[in-house]
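When the chains are written out, they are named A, B, C and D in that same order, and each has its own residue count from 1.
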Amino acid sequence: MLKLALLGCGRIGQVHARSISQLADKARLVAVADAYEPAAQELAAASGAEMRSSAQIMQSDDVDAIIVGTPTDTHYQLIHDAAAAGKAIFCEKPIDMSAERIRDCIVAVKKANVAFLAAFNRRFDPNFSDIQARIAAGEIGDVELITILSRDPAPPPISYIKSSGGLFRDMMIHDFDMARFLLGEEVTSIFAVGSSLVDPEIGAAGDIDTAAVTLSTASGKICQISNSRRASYGYDQRLEVHGSKGMLRAENTLKNGVEVATQNGFQKAPAQHFFLERYEEAYRLEMAHFIDALNSGQTPSPSASDGLQAQLLADAAAQSLATGLPVRLANDPA
Amino acid sequence: MLKLALLGCGRIGQVHARSISQLADKARLVAVADAYEPAAQELAAASGAEMRSSAQIMQSDDVDAIIVGTPTDTHYQLIHDAAAAGKAIFCEKPIDMSAERIRDCIVAVKKANVAFLAAFNRRFDPNFSDIQARIAAGEIGDVELITILSRDPAPPPISYIKSSGGLFRDMMIHDFDMARFLLGEEVTSIFAVGSSLVDPEIGAAGDIDTAAVTLSTASGKICQISNSRRASYGYDQRLEVHGSKGMLRAENTLKNGVEVATQNGFQKAPAQHFFLERYEEAYRLEMAHFIDALNSGQTPSPSASDGLQAQLLADAAAQSLATGLPVRLANDPA
Amino acid sequence: MLKLALLGCGRIGQVHARSISQLADKARLVAVADAYEPAAQELAAASGAEMRSSAQIMQSDDVDAIIVGTPTDTHYQLIHDAAAAGKAIFCEKPIDMSAERIRDCIVAVKKANVAFLAAFNRRFDPNFSDIQARIAAGEIGDVELITILSRDPAPPPISYIKSSGGLFRDMMIHDFDMARFLLGEEVTSIFAVGSSLVDPEIGAAGDIDTAAVTLSTASGKICQISNSRRASYGYDQRLEVHGSKGMLRAENTLKNGVEVATQNGFQKAPAQHFFLERYEEAYRLEMAHFIDALNSGQTPSPSASDGLQAQLLADAAAQSLATGLPVRLANDPA
Amino acid sequence: MLKLALLGCGRIGQVHARSISQLADKARLVAVADAYEPAAQELAAASGAEMRSSAQIMQSDDVDAIIVGTPTDTHYQLIHDAAAAGKAIFCEKPIDMSAERIRDCIVAVKKANVAFLAAFNRRFDPNFSDIQARIAAGEIGDVELITILSRDPAPPPISYIKSSGGLFRDMMIHDFDMARFLLGEEVTSIFAVGSSLVDPEIGAAGDIDTAAVTLSTASGKICQISNSRRASYGYDQRLEVHGSKGMLRAENTLKNGVEVATQNGFQKAPAQHFFLERYEEAYRLEMAHFIDALNSGQTPSPSASDGLQAQLLADAAAQSLATGLPVRLANDPA
């Protein structure tokens, strides 16, 4: 029975608390903390966990692992504290906005020899994990071409955009991790283009809302990613992997399975709109994986190094966009 | 090189003439006839065939086979004439409205020992023939349950309805033949219900426009058919066959393959509206089968007996509707 | 905050307990009971409810409503007891195997003036409830033809079959309720055929495993239902409603959304296999509806009378199968 | 009644002859020519056209328009000859391998003031032309992101590869034209990556078999194209256009519409394998457009300038691949 503490009781923290309650036979949420005390109080009441301060949690003997769901700029210190306290760490993405600081975190985690999971939830989506498993089983031979299409239903508030680190670090970072997950080989070159077509305010804020990126690997595999901050038909999350023996793809998850036939044709429901709904099961499976790994002494995945690599790709994409030139990657295995 | 003559230059006759022109390496349309001479003239000009009278065609030495595409009430005499003249016969469905008279035709055809094809075009549709071939190959084990859904885009004119012989003989007869084609076993019992929901004039004319029929066989196989004279979304032609090892089904053929995604969801085109468009390839393959069979000395299929059995099912359905009771069938193998 | 007690801690009881735990802001499971004490103990521990006897529950002041998830032959007495005790009742289907005894229950419930829900879970499936709502909104005009296809992945043990009341009362009863839900009009005539094709032992036990039923209403609406106890490709649950202006249909829910393309074609996952997985959300929404109705003073639905009508249809189907004749229904509104 | 002559009686010439025969009410194939006389004889016999030499055709008064279906390196002279003779020209793609020489052809055509169609058949595919029409009608607002996926079922012979001009000029040129057709705006920048993953002999011949290209326009629209010379599941031809109000996409055309359900899931047929089958209707509609345009005095489309622009994109892609850098385009409107 793993004992967990949660730092950060916002939207994603609540998702994790709910996941843990559904894994009651394997783990228990012991404590919760939030800089905004009423949020911690409310989640404590709903989950049956104790409200404690972050500092208290670091020193709690009844806590085996810490879930870091606080704002990104606090991750660095909390990871160092938790590692020093010998706690396993489940950290929301991104680990940090600076690759240098992520490297520091990796050093601290390695030194303390604690388990660490970088929470790229999409790897646990039943469709995407099935595709990865089929690739690993050789079902489509060698991977040759990957296409990832990722579009948000609507842009976030402009205030969010301004502090987001930009589309590549905030949104496409998920697709960079997915590309690495499916390519099975490090990216050696990246080229990015981007525009502000959805909302001129996004462009005025120095960001883009529409982007396309090309990744290449040493052996010649290619991955194309495109993002848009807007999709009238819902949260658009598709990908396909073309290999030497076949192709695997995942279509969108629709709001329901009803089809309406009229003189206009055959109409199905829009895609699910909200990411928490779309990836509800992925969040649950991600937490189950973390708990199972710790309970069985396995290493959870994706690792802090995976977190670093995705961030390096996002940085390189931003550099490519700024220079108009492709960027070669060193692929520092950290 | 098979030499063909066409009796009846209406809509379906023109389809057959076009099919023959696309099979120019195997067959040639030598002569056409129509009671309405301008129709014959026009098709003669378009196809390069000679205009002749029916009587002339029966006596033409340069005609191997005759396509009967004239009104149903003329079939009986033309079949007898063609058989007497030793010509192979391709006869549009229904062979005749009276099962007794169909039996007479079968006798005449057998006595003359001429080839005969009852033109149930749907057996040649690439989807439906593939399903039948897969059943025959044992791909889904033993057939257990068949569902046939057949809906016209819109009802025919009331004048047509009045002389049509009723929905079972005019429309569902195709589904009765399809059921027999896929069941691989004769029907022993039939139960029919029907309503006039689409157009009260159809009810006033003594017919129905909405119907459902249940067929059973001696070994316990079951087939459900439903028909409607109206479908806002196009010509609806679907079926599925459930067997001990799996299920086969054919969806509608849509007008095109475009999907439009908007806030209302994902919309595909309506089904193809017109039966000549929907079954264009079936008509061509049906004619190719007839020609290939004659050229190679094989027996074409479906046979006159198949035509009789479908008619007997339509008669029994009408009887079931009239009495409100299921009807047992003798399954006279004719 | 509604206080609930659960009678019966088996598979379906556990589902209901889990649903209630997810509705913690609206209701609380106070007590559980089971004739087999360890089952009650285990669910009490997992849910935080107290273990009590049925008799204690009936007399508990802290219980507003009772969920009856015990074997069918105990429902009658428990409904009478709960009604006498003034408790609202959520009763698993079927209410009873005898229509006469269901009528007794209805009388007892009416006399005690307690709320009652007959747990036809499929009405709460998001696809099917959406279809019903669209019909009610007039989206496809008048309902004309309904097709319901329902196939289990595999037959239950023969021991279960023997005490099940037969396919119509055990399996198709869900489809009878669904037909009534969607037709919006009582059934006036029913005709049934059935065979034992899946397992000869089922036939030897006097039951069927493959069946087709036709329902008609006074205004001429038609519904075709077919059932099989076996489907190699999973739990097959589809339906479509054809109306004067269009058609609504719900396809199967597949295990995941991955498509594999190889030289054999494009392959999607099988349908979800297990009914508790397929209808997981329906069970949750059903319980939410019951709780919301009681909390707001509304009448929950489907009613005990709905339970009776479905049972009467199952009885009539059995009679039709036995006699080979259609059966007319009185449609006693109970 | 337009009078046509066909230069080149190979595979594509035969397709055009067949198309013309199906447009018999509008046009007639008067003459055919081929350097290999038996090919011309055979097609003359099949089509009813006369066999003539190219030179004779240029001087034939009974020829209004010339279809150029000969090897690419002969196009230049034939276009000049036909233009000089005042004949309208339907020219297979590519017009020429050299952009400079295409410019010469454009000058010759303009000077002679003859109609010219560059035969990018895919613009006439019913799916793709419908998508373009919907974009033009504003159905999805402003175009923002286009994804084109194009994969051949299997690579051509290595001898063909060697003289093909390379993947960009031989295969992706269709996608470049499609991108321009759908973007509605000229491409200003292009970036290409490519690998030899399918067959090492292709790499040894200096070509690639797997490629991805990114196109950008002045207003910030983006198009991603990917190509592979191999697809186990058939001829893969898909595209989607994402706009400010929605998304349009076209899926593959499958061999038939049958679905097989077994314990492995739900399987549909592979995509049609052969390009002449896949684009059969596109070829027919392309010819119909050319004939209709000439008969009505309209300008056929796509133009010679469209042919030049696609070639310039292919050249730029090859340059980008060779240099590893994006290439800016002047967009000479020729």
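Criterion: contacts are C-beta pairs under 8 Å (C-beta built on N, C-alpha and C of every residue); 3 or more make two chains touch, one makes a residue touch a chain.
A quick note: this is a predicted structure, and the numbers were derived from the prediction, not measured.
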Task: If a chain touches chain C and chain D alike, it appears here - done: A, B
TODO: Select, from A-B and B-D, the pair of chains that is joined by more C-beta pairs in contact.
DONE: B-D
TODO: Averaging each chain's C-alpha atoms to get its centre, pick out the one most distant from chain C.
DONE: D
Task: Cα-centroid distance, chain B relative to chain D, in whole angstrom - done: 40
Task: Between chain B and chain A, distance of the C-alpha-averaged centres to the nearest whole Å - done: 57
Task: Multi-partner residues of chain B (at least 2 other chains) - done: 231-233, 245-247, 261-263
Task: chain A-touching residues of chain C, taken from the complex the two chains share - done: 24, 46, 126-127, 130-131, 134, 139-140, 245-253, 256-263
Open item on the list: Help me check something: in the complex, which residues belonging to chain C touch chain D?
Closed with: 231-233, 254-255, 261-270
Open item on the list: Could you list, by residue number, the parts of chain D that touch chain A in their complex?
Closed with: 142, 144-145, 147, 149, 151, 189, 191, 193, 195-198, 210-212, 214, 216, 219-222, 224, 226, 228, 230-233, 236, 242, 244-247, 324-326
